[in-house]
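One structure below.
Labels for the chains are A, B, C and D, by order of writing; each one numbers its residues from 1.
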């Protein structure tokens, strides 16, 4: 029961934060709502015994990414009315989102998932590390290359000068 | 024990909300945030599947890590582009950036 | 006899040699060419002598195979081919010797002889070939050579046009010939003439097919032998050098058609309907062109129309199952006509005149040429005892035996007309006053190189009559020789002979009256004469057809191609894409969220499809 | 040996890229050398093909993409060996004719040899993937070759720019290739052997329904390149716009790729489909013959006459193929060879005239034979080949096609023969107008073909005469190839 309670709180926070993010009239509020969601998702990860991922989620998303987003918001100093944050096709977007949620929920709930012996304890860090650096070593390195390229790209793009 | 479909339902909601944000917002930064929501929804799915459908294997987790990595890269680049755009055109509203239209 | 092929191969080999290397060869190549045709002539004697000791035979080599069908090059040695071999080689030889002097100042002298060689080679190949494929090959080559020779002076617009006309007109007939050959091939699976004939005689081919095939073969013959309505090219063919006309009109080209009908005669016999058409068309052609020969004033043109008329006569003979008569007339006509054309060439050479209205009294100035020419004319008119008389009677006999009285009557009219126009030539050209101011000044006899062939041909024209009774070496008449299996002796019908002699005499008297005494008969016939002079508007009709029908239709096709197919189909489909694109591009708003919405909608729809249709 | 044949032109193109563009002499000697080597190789390939043995010979096979069943598989049979020879001859003479190509001679030859490689490759590829690859390689350089080095025609109301010609040609041919590619993929899937290899697909066989469904893809796709009516208009426009050597290769060889593909892929792999669609193809072929000839008669531009005559002559090829008889297909393949040489000769000669007179309008020419004896003589030979004169190569081919057509569709055979007669009319009209008659004083100064040009034309004429007199030289190979193919029908 406690598990259900915890799950309910986390799930509610996730969804509420997400709704806040997409409906907020203030961009900084939106960013903070996003933070709520991210932390709540980290909690969900914990409930799924993925501590490492939860950790990464909090550090990388909750810390770094939200921070960068806030910086970006400050640098671009959005003025103007709150209404201007939404575009004219909002009603259609609501319809599309509802349709999507209906479709996904329909699929999720109607499918008989081949669940295997759930439970078990948290994943051991040693196995996890071994798997990441043995089995997934090359993708991992590639991911770091992607990051590096993105970094360099970001620097190059945002450097002052150039056209106009 | 919480059934996997509960996690999937949360993920579905999160994904749809993110999608709504992407479709309904004008501000590029807000759209970016909505995309993050969608990515998170995917991550929940991955981890939940990993936990329930293939315990003992790390594939789902690894994928989630990569998603986060790519998301970080994406945010970095996207924000750089947004800042550049803002410098050049003094706006981050995506409907004012339509140089490629007909 | 196996080496009979050399008769055709020798001139064929001479062609590239003389054409490419003529300048450096003896006599600028002419001697090579003449040596080659001379060799053919010698071979004719050898083959003929050898043939008399043996049976008819044929030999062939494989040219190539296709899908199990053997396409062969072969020759047949039988009375008909030996006979034709002789006629062709002797006339070609005479013409080439004659040309030696006649053409000597031509800049393209070597080329002339090269083509002459090819012409002779093709014609010899044609008469020797034992299958329809080779026959068609040589048939076309004959057409080509006539094109090249008629257009020899291609700088002259009229010569170029005449050459084109000859080739195109005969080509139209060739369409029929080729189709006929293919129809026969489809029916029998063979190109071999002997096999096809056997199949036709044994009734393997349905009579409908056979009639169609025979008529198609005859269409080819109509083109080459200038039968109505494909006769229009032959009179124009005089644009070529005169010796060429002699060759075309006498031994090559035009006789190819008659030869074809003779060669395929059993097929025609098995299809009586076709044979009837041959006879009637021959008669029609002969009558029409005989009237034209009466009114034309250009010497060579008169001769040309007379050629057509005589070809029609030969066709009539064949159509009346007068095989011997037709082929016999072919020979006497060939010698006489070659003689006449070469004689006309001599006249032109000596006086520079071509129109008979300017001639007159040439008898006094060129006695030798005149004598020889008149001999040829008399032979063609059918004056006894020259060759033409006997062959004509042979034909008349065949007509009498196998045709109705109407045809016989018309044939006798034809005999009258043909005597009439020949007599007209004789009287106008050689007798009476000199009608030209200058011709008398420089009219002279031709050099001996030109006279010798004339004399030889005249000798043949005069003596060929005897062949009816006795062919040297065979001990029998021509009829028995040609009909190898069932001999057919010369069997004169006395009353017919007398009638024809009377008719010829009448013709000469009338001509004498009109052209020497100035009888006013012509005045009454003026409307008809005018019609004949305009060639019965046949040329105009064809010209009109080509200009107003064929070319206009071609223009319409081209226009259709340009507008409907190209502008409509090709550019049109391109234009539609461009227009659609022009409309559709406004759907590219440049707003990212619009695209996103479409994507989302598509994903939902696809997802629904996957889940619901599962 | 075959891979050398295919790769040498690409290598030469690569070498040319490296060559400084100013070095004309080196450029020409390299091009000529390559031309000679290719001619020798093509001749070697043809002569070493043993027609008694039949089948595919000189086979080479290299593994390439096992997972998709694609291998670099080369070989010739009796059908492709003569076509390889054809391409060798046309390529060689094309190089000679474009000796003084201007401007940018280097780039021209680079593209030209790329094109040659594509053509050789298509003829010798036994793997459909590579067949298609080379097919495209042969088509695409045309765009630049025509667009850059071509010439436009302007007849007042009728204007065709070279860009238009190039664009149309490329678009139409690519549209055709799309059909082919779709057909190939569908065949790959339907055959279910997981291989693009021709031999595997031959062995696999497909259901009748599938074959009938797929055949039109190849009939239209390859047919477009063979000038199939009503998708033929790219061909005259493209030929006219193209520079001389490209017209030669294009009309001479490229159009044969279409017919070859139709035979090799369409008919041989989808025999049931071929049987079902042959009536359509043969009717369209007949339309090609007659319609092309009528159109040619109405043209005023010398090159357009030749262009439409190609449409007409390719009709015989299509008809021959559509008979599905050995004789007819023999004739079709021989006609491919014959027409290739003949059109190459035609375009070479038109190019010679155009280079000197700078016009191609038939109406302004008269009596050229007096000044340009050699050119005229060659032109007459080409014309006579075109109208099917015995003793020249065209006759045997057309004759065999007629025999084949008569066995299956006699009425269409009659129409085709009439088409040949129409050909005679327009060819003779053209010869009479342009070369014969009194010389128009305007052309008094026109020089005749140079020995170099004369040599190129003489090579082609010699080929025409040789094949015409001795068709067995080619027919032995063709017949063995076609017979092997016909056993599948």
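Keep in mind that, in the parts below, contacts are C-beta pairs under 8 Å (C-beta built on N, C-alpha and C of every residue); 3 or more make two chains touch, one makes a residue touch a chain.
Because the structure is a prediction, the values reported are computed rather than measured.
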Chain whose Cα centroid lies nearest the overall Cα centroid: D
Gap in Å, rounded to a whole number, between the CA centres of chain B and chain A: 6
Distance between the centres, which are taken as Cα means, of chain D and chain B, whole angstrom: 57
Where chain A and chain C are represented by their mean Cα positions, the distance between them in whole Å: 97
Euclidean distance of C-alpha centroids - chain C vs chain D, Å: 36
Shared interface positions of chain B, touching two or more other chains: 19, 23-26, 94-95
Chain C residues counted as touching two or more neighbouring chains: 591, 593, 597, 600
Touching two or more other chains - residues of chain A: 87, 89, 92-93, 96, 100
Contact pairs between chains, per stated definition: A-B, A-C, B-C, C-D
Chain D partner contacts - residues on chain C that touch it in the complex: 62-69, 133, 136-138, 140-141, 144, 147, 151, 154-157, 159-161, 163-164, 167-168, 171-172, 174-175, 178-179, 182-183, 185-186, 550-551, 553-555, 557-559, 561-562, 565-566, 569-570, 574
Parts of chain C lying in touch with chain B, wherever the complex brings them together: 585-586, 588-593, 596-597, 600
Chain A contact footprint on chain C (complex, rising order): 591, 593-594, 597, 600-601, 603-604, 607-608, 611
Chain D residues touching chain C - in the complex, by the definition given at the top: 158, 168, 171-172, 230, 232-234, 237, 291, 294-295, 297-299, 325-327, 330-331, 367, 369-370, 384, 387, 389-391, 395-396, 399-400, 402-403, 406-407, 410, 413-414, 417-418, 420-421, 424-426, 428-429, 431-432, 435-439, 471-472, 475-476, 479, 482-483, 486
In the complex with chain C, residue positions of chain B that touch it: 19, 22-26, 31, 94-95, 97-102
